[in-house]
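Please find one structure pasted underneath; my questions will follow.
The first chain written gets the first letter, and so on, giving A, B, C and D; residue counts start at 1 in each chain.
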Amino acid sequence: MRLPDKTGAIEGAIAAIPDGATIMLGGFGVPGTPFLMIQELVRQNKRDLTIIKNDANETGMGVDHLLVAGCVRRLITTHLGLNANAIRMMNEGTIEVEFCAQGMLAERIRAGGAGLKGFVTDIGIDTEMGRGKQRVEIGGEVAMIETALRADVALLHAAQADTFGNLRFAATARNFSPLMAMAADTVIVEAEEIVTLGTIAPEDVHTPGPFVDHVVHVPNLSEEYAVVRR
Amino acid sequence: MRLPDKTGAIEGAIAAIPDGATIMLGGFGVPGTPFLMIQELVRQNKRDLTIIKNDANETGMGVDHLLVAGCVRRLITTHLGLNANAIRMMNEGTIEVEFCAQGMLAERIRAGGAGLKGFVTDIGIDTEMGRGKQRVEIGGEVAMIETALRADVALLHAAQADTFGNLRFAATARNFSPLMAMAADTVIVEAEEIVTLGTIAPEDVHTPGPFVDHVVHVPNLSEEYAVVRR
Amino acid sequence: MSDAKSRMIARAARDIAPGMTVNLGIGLPTQVVNHLPGDFPVCLHTENGLTGIGPTLPHDRADRNLIDAGGAYVSTIPGSAFFDSATSFALVRSGRLDLTMLGAFEVAENGDLANWKIPGKFSPGAGGGMELAQKARRVAVLTTHTDRAGNPKLLTRCTLPLTAAGCVDRIFTDMAVIDVTPAGFALRELAQGVTIEDVKQATGAPLHIPSGAIPTF
Amino acid sequence: MSDAKSRMIARAARDIAPGMTVNLGIGLPTQVVNHLPGDFPVCLHTENGLTGIGPTLPHDRADRNLIDAGGAYVSTIPGSAFFDSATSFALVRSGRLDLTMLGAFEVAENGDLANWKIPGKFSPGAGGGMELAQKARRVAVLTTHTDRAGNPKLLTRCTLPLTAAGCVDRIFTDMAVIDVTPAGFALRELAQGVTIEDVKQATGAPLHIPSGAIPTF
């Protein structure tokens, strides 16, 4: 046996994403955000997207390009504090925003990726984040059901990928990416380095290749990857 | 800052486990089973234990020593097919056995480790494994609640640990261990090799040190670690 | 192994398409891999935490930490990955397993599968079989057409506790290839030397026979 | 920074015991680390996936992929570990976080905390604060005793949306160290030059004054 090759070009991989798609984007702040694939979404003028990402980056970078270009209908996120533009669009009603506690967003995505329907938790039960959520009793205690999240597509940035899609992430760029890799019908990864099969030792794989559909090479990173404006 | 040292001796770490404790044991078959700590449990004659482990190893090894010595009251497991002794004790009523589907056992342990109360799934819904489980409706579909599992103690075998308890597992010896490391109040790890802080690169850690309480060195493995009798 | 069994296994191997991720259950299904060409592009999964299973190894060359879910010493190939049991079943339940091939005690014409328990006789626990059966995108069963006593294993309804309901897509036996369809069992192929009547007689449920020639394997 | 604020931060640092795993929230709490001895045995956690946070780095020496949850460039120390966001919050929710120190808009005498939303003015989302507040074994708040307009932040009941109910154990302010007890706020220590009366006046809820001398920080 040999493992299949999943490498391809960024344009074609992104072209297959329809308008109206639900898209998970890796990244917490700058690290892990797939800036080049986001730019390609904007270039191909995708419309009516639901975006699932920890944050909306900052004004002028990443998710903000999608917002400004009018690609986004709905945003599921944990924090918009560094993007005044996103908060303005939310307040004006230009975009819908669903807020999750950060660990709840991570866990909802993981539940989708683990083929579960949801999970039972007491996080936020005494807060407005707990409103409207289905209650259940376990062992005499009342808790809430958080529903699993899945997406049509996940766009992820990896430090290293092999041709089968085994992935390694750098430092805190890992964050939501391994979870999103499990939770989308199609997973597209931009990798700074693409290596031959066997270069990544089996013990050192962060995301196993079977979760990944397409690997695109991004040898030349845009300025966004290193710039922090704060 | 520097990270605390958690290394110690096997006898003391095991001595703190009371009779009646619920103990998770890593391992799927031979790989990952903490045979030396199991032997120490037997030597210290712990009683009335609830053991959570994928399988009961084989007759004459690992969990079987605990069964033969009468240490076990209850076993939560997925498969006893290679231990005729365990099946006999179950049928005779000498031990209680609770069977889970394998991925459900893994996920219940992970849910405990993730501080969740449980999760919602349809696995086994049409089978006798689904009997007696609380039903809920999500998105118009009926599913079941599987409750989280936690333990007083997890006993794990690692290939490598640093003095803070960052762990690496070998090959398929990983299996349930990273999940159990999150799901027990006290986590004791026997490691074939103990290395200085910084030897394991931060990107290459399988289980982060904060989940681990005690690390004991087992430079001389017993015959059980390599013997397969089938 | 009988010639018929061996042809059944070889025939099952032809249902593995290039690029698939596949889990081959303990027993007969494990042997399907021996019938794949050496450079065939496929990813084999085992539920104890490995994708990219390489050849089985003799004990003296084995890595003591590297087994498959059946306990056999296996190896890695370039691109293999190890992961924990939760990730392993996440892969199964989230739809990333294109195909599983499993053994069976009984298969019903509605696709119900029983392969883990015989009350009072055999109850070792379900292991990972339930999730493979319920969640793999495609479930194939490899089994002798009848049990040792000659009783049919393909039935109108299962009598044993189910592994999963309505999960089986196709059955490979030493007599035939049979699909589970909305109308029940449908004959697709015949083993060499086996007649339609032979299969009908050995099957404990109605068997739909399509018009036209039935291919042989 | 005022001398009083700086002493508050130094005092908070003394509540970190050797061997703890600690999450220091964005803002004032982050600065607590500067008051720990260089070889102090503690593990700092940040919710974007790192245990063992090392010193912050200037931009020109930073690793672009290595930040804390506040976006600051940080570094590793020997024994650091990276992990994904689910594992990071598993650590928080499963009780492995011995202590978190958080900022506050309001704290109530029953331990309720509000620090994420001011309806109509500030609603950027809760980030990771809810789980830190609800699940860390011990929750300390660092805050100025009053807001910029001089209004008390320690109240009988919170008026803003809660981050978590009944979660706060101790409050460090520029005026005092106050514990949340079953009987409400209890004064433990006074900042230099601050009187009991000063604290009472600046607190929007009854303040229990223990008998005996009140230590100063």
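We take it that a residue touches a chain if its C-beta (ideal position, glycine included) is under 8 Å from a C-beta of that chain, and two chains touch if they have at least 3 such contacts.
All values derive from a computational prediction rather than experimental measurement.
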Ask   = Which pair wins on C-beta contacts, B-C or B-D?
value = B-C
Note = The chain whose C-alpha centroid lies farthest from that of chain A is chain C
Remark   = Separation of the C-alpha centres, chain C versus chain D, in whole Å, is 56
Remark   = Expressed in whole Å, how far the mean CA point of chain B lies from that of chain C is 29
Query = From the C-alpha centre of chain A to that of chain C, how far is it in Å?
reply = 35
Task = For chain B, write out the residues touching at least two other chains, lowest number first.
result = 107, 110, 114-116, 121-122, 169-171, 202-203
Query = Among the residues of chain D, which are close enough to touch at least two other chains?
reply = 50, 76, 82-83, 86, 89, 92-93, 135
Key: Pairs of chains satisfying the touch condition   = A-B, A-C, A-D, B-C, B-D
Task = Name, in rising order, each residue of chain D that touches chain A in their complex.
result = 46-50, 59, 63-69, 71, 73, 76, 82-86, 88-89, 92-93, 123-131, 134-135, 161-166
Key: Residue ranges of chain B in contact with chain A within the complex   = 107, 111, 114-122, 134, 136, 138-139, 141, 143, 145, 147, 168-171, 202-204, 206
Request  = Please name which positions on chain C make contact with chain A in the complex.
outcome  = 18-19, 21, 33, 36, 38-45, 50-54, 76-83, 86-87, 89-96, 135
Residue numbers on chain A that touch chain D, as the complex places them = 28-32, 54, 77-82, 87, 99, 101-107, 109-110, 121-124, 126-129, 159, 169-179, 225-226, 228, 230
Task = Can you check the complex and tell me which residues of chain A touch chain C?
result = 1-5, 110, 112-116, 162-164, 166, 182-183, 185, 196-198, 202-203, 205, 208-211
